[in-house]
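Before anything else, here is the set of structures, which you'll find just below.
Paired with chain B in one complex and with chain C in the other, chain A is shared by the two complexes that follow.
The block that comes next holds the complex of A and B.
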């Protein structure tokens, strides 16, 4: 026994997040070094690309959809539910916004508002379909949200590839939306989508902290059985929360279409992978809204910095994805180890 | 009997500002039954988890048979000859007894598990200590008492010299309890040492040799059982003399508050777990449901409270048919409910005391206007209940997960009683709770009755049923087997009824179904 009874080696207590980021930077740097690059230059370019004042608009413009999709994942996660259907809900929002902008006979600001509202309601309803499936038929939402994405992505692709295709170009996309339907620009690439997203983020934080619904959702996340026993109507809550989550995804789709792309283009909403980066950010924060927003902003900075680094040095922006992965993995390890020994 | 088997000196364990164990010295002799007693939050569980290697002490030494120990996990402690039977059993219900016992230490033959050898060893071990268990039985089909024997076998198979029994009688019938005491005597006769953690004084008096009493994380007294009395132990535990019996006037039953007719809960294919139960509870009476755990009480209560929609029959509260309604509407109709399991149902362990105490009040003034929570009101509500019910917690903002069983139960009881609802369903309200808290909770239940509330009490604890009930129902195999006025209920009759033996119970003039 005595040789086995050496005191367990303990890491000095460094907060998990800085430690994970540090390790990520170290491993990323070694990778750059190993492939013959200059890690210092790479990181300098990432920092400048993300944080130099002249690049703020770019970073923020990238952050709007990413933080939006972070909230999409974080809201249900706060209640212990997982929405993997962000892609599908994003596509519905984008397509519905584009179609509303093209075909609704409304004047300027009203057209914008109506397009956004249609997009949010459509995506919200589609997301709550998965919640209804679980509460009514016991289909796990973890599966149904993901699977429900594929048909709508396919149908949207068909619609803009054939019946609604813009014949003037060779691509699978709708016509350009009228100028009146485009989101007003703040400066450069930034439009009022930024303000909308700040309002939504603030609303989610407020909901979480101050409202009865937010309290009930938090309690459900900590112990669903307790919430049910305490009188929280779990089924109705699930449908409501998924509607809200989907509606935010719809808003993100609408902001991208009405503010940047000005048309629905097949694949354009999904290629950047906002849904999955957002899900990672939400998971890192365990669904806590403020933490999730911070993590979403961090990823947005990292990704925009990656584009800049790719432009300025020979190092591909995949490096930032590696950083992101290593950070998440190390945080996951810390969480796992922490849980076991406590 | 005079060799020291296990000695702990100067054990300190802190959780944040709370000192759970403060310089605890414990010395246990080989072959004795040593009781560790104390109120909830006195530090018993912490001390046991340190002795069993599940927690590392902040200071102090553990010496087992003369060797100083530094456990890194329970595995080290098991290897050194410690065994523990937890209050909640840790068994694979779908596996057989021998599979559970040898798990992790399987005898092998050519690299495969030697099933015959394993079953044989388990049978031999059971034989040696008169633990009547069929090694080939499936654990899930065994009664709680037999499962406990499997847990003891598991420890003995790993050659545990010191066995920690944590609240071992909480789930047993009186007959099963006596069986356990026989087993304990067999073990000590074989020079094995028992650490017996309990709240039940008569058991300490009956089976233990010495007692160490903890209070507020410190050892306050060490006694030789034969030279002390129950009152002295209580005084050491609580610092005051405690009234062991509940003082109450006869009940004054009024209008029916809860009524169930033909209530049935089915299982997939099998026979119903709750089988056409009729009951009615009146304002101003406490009705006790006695029964060994697992005879349908849990499902009955789930069906009564709206946690489960019954498969047949009706439930009404105050004349409102709530059969198919959700919990919230049961609560609106007048239900307050202390659930069986405070940790998985009654609270959210990771949430603060304030959040836990707010549950059920969050949609009503003064805590909210229906939409927005008033943070100050939530805090004030929590502070008031913590004060009123004497919950030992540093701040209402702390998570309740670190609270001891009795303090956690006080959180649940405080919240449910503060509803002042016309119907209170209390399920195992004092399971694993210390004497002081039992007395307090019992007093609260009687006060609730005297206030005019209808109280339905479900308990596997006969003393509790007998002390509190105005009427007793015995549940067996999903049915109400018998109904007795409190005056005709005694421990032996109820014990036999709980075992389903109606004929042996000599029920004269009472109805037996």
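The block that comes next holds the complex of A and C.
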């Protein structure tokens, strides 16, 4: 197939993202149809599950960690870097937050603040390790971020399975954190984690648009050599950006542990797949923070809708994961969405 | 405890078995790397292969049917990368991330819809691969455990490693492939259809990884469980990096991981918790990556794979 014939097939008038979402819905629908389900009913349940007013709190509650992990991926992506280590960073954040809440002798609000801070610093340092490995030794961060997650997840799993295990229950989890360390509830499932996340999201958008650092990061994304020639210290920038990215993942872990789980539970932070959905949302927007936040909200709606669909129609909710990846694949293939590699 | 009693013959046998999927995926990665397509979708390709193998074996009642299913469906799945990264000029990293997630989602979805189970599917109807017994050497210590009692795919994997190496460095076809990877425009000027070479190589590599997936699900256990590739595809990506797209060096890296894997199994049988022993291969992988890049750094200041990635 020559390039010319491909060009002829383009539909330039339909914006790329809605087209990709349409294609995703179409392919997902065909898949449901092929496996003997009713796609219309499936999508109706997703819509109701995500957008009916009584379901807003659930959708928002799901969106907090997902948008958080979107920012984790979007920040490095803005500079053309890929952070595949969200899982490990999330686990470190969650575990450190739980341990700080259990063992630091501090009163109420101070304990919450200290736990969150410890989680963010620990995850940030851990994430910047991969960046340092690339700048100092040339170990590609693309693969090291991912590979580092496996030992971290294993060690965390060991820690809560053996030395830190709550002996009162049969599960691999820590003891419950004290009431004083729990995030105050706003209403229903929503806690002040939501507000923290809004603040962080606003900070990332502000950093991207209004600060020298944000400008330099965007320059790096457009052309790293040019940014380096223009005086940006690329190595230091990379370590800094990864620290920030990891710190946000640590915050997400802390919000989940202090806000809804009230303990560190083996696997509980990872099974929802926030990391990968967040990465896909960030890719959908090409790393632009506002777009990424919107995409994160969209995917959060899709996933909470997926729970409703599974409940009402018995179609597995993993369908939503297929939809997300089809959307990303379509965008990557047809519209060059992704890192602007020079 | 002496070393000899620590490393038992059956341990060596299982190590050789566990290397096979990684080796096939790494071979696929080197082929793609040589023609200038960065492939890190092996994790997803192994998963698709493993699932298709179980479906094929269950449906046809023969292991060969399973293997054929694995190859065909993984090649079809690889069309995304083959055309996406070449004809459509997409970012291969993003495409591969999408493919890995699509594979995880699709296999989990189909597992529920086709067999009505989530997590793990096991059924007596799934016919596993037979282990080839070589009577002449079967009773010889060590040798018998390494070379006998292995599946045909394991044999094929090592034969293919040799074949790919010879093809790559000793045939006109290999010369052209390397030319496509090193300087596509120069290769194009010489009359080579760069896109065609890349598409066909990625598809062939998909077939190899599919074969690896079949070994994964039919080689030792005859089950499919969600996410059963469990990072092997990523280890293969590292093997390709360590081997710098050379099949033999990549194979050597795979052997290293196989040894680490066997070690972790052995440590677990010594009573260490599996959460800790499971991480041994990844720690070894990271160490190998760190050491190799340290050495490389001394030779040349910045030869970055990331620029390529």
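Simple rule for what comes next: the second predicted complex is superposed on the first by the 323 of 342 C-alpha atoms of A that agree within 3 Å, B and C clash if a C-alpha of one lies under 4 Å from a C-alpha of the other, contacts with A are read in each partner's own complex, and residues count from 1 in each chain.
Going forward, a contact is a pair of C-beta atoms (placed from the backbone, for glycine too) under 8 Å apart; a residue touches a chain by one contact, two chains touch by 3 or more.
This structure is a prediction, so every number in the text was calculated from the model and none was measured.
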First (chain B), second (chain C), both or neither touched by A:36: second
Which superposed partner A:328 touches (first chain B, second chain C, both, neither): second
Partner chain(s) touched by A:141 [first = chain B, second = chain C, both, neither]: second
Per-residue touch tally on chain A - higher for chain B or for chain C: C
First (chain B), second (chain C), both or neither touched by A:313: neither
Partner chain in contact with A:229 - chain B first, chain C second, else both or neither: first
Partner chain(s) touched by A:260 [first = chain B, second = chain C, both, neither]: neither
A:216 touches, of chain B and chain C: first, second, both or neither? first
Common ground on chain A, meaning residues reached by chain C in one complex and by chain B in the other: 1, 6
In the complex with chain A, residue positions of chain B that touch it: 56, 67-72, 76, 79-80, 305, 307, 326-328, 330-331, 337, 339, 344-351, 355, 358-360, 362-363, 368, 370-373, 375
Residues of chain A that touch chain C when the two form their complex: 1, 3, 6, 31, 35-37, 82, 84, 133-134, 137-144, 146-148, 150-151, 154-155, 157-158, 161-162, 276, 279-280, 283, 316, 318-319, 321-322, 324-326, 328-329, 332-334, 336-339, 341
Parts of chain A lying in touch with chain B, wherever the complex brings them together: 1-2, 4-8, 210-216, 218-219, 222-223, 225-233
Of all residues in chain C, those that touch chain A in their complex: 40, 80, 83-84, 87-91, 93-95, 97-99, 101-102, 104-106, 108-110, 112-114, 118, 231, 234, 237-238, 241, 273, 275-276, 278-279, 282-283, 285-286, 289-290, 293-294, 296-297, 302-306, 309
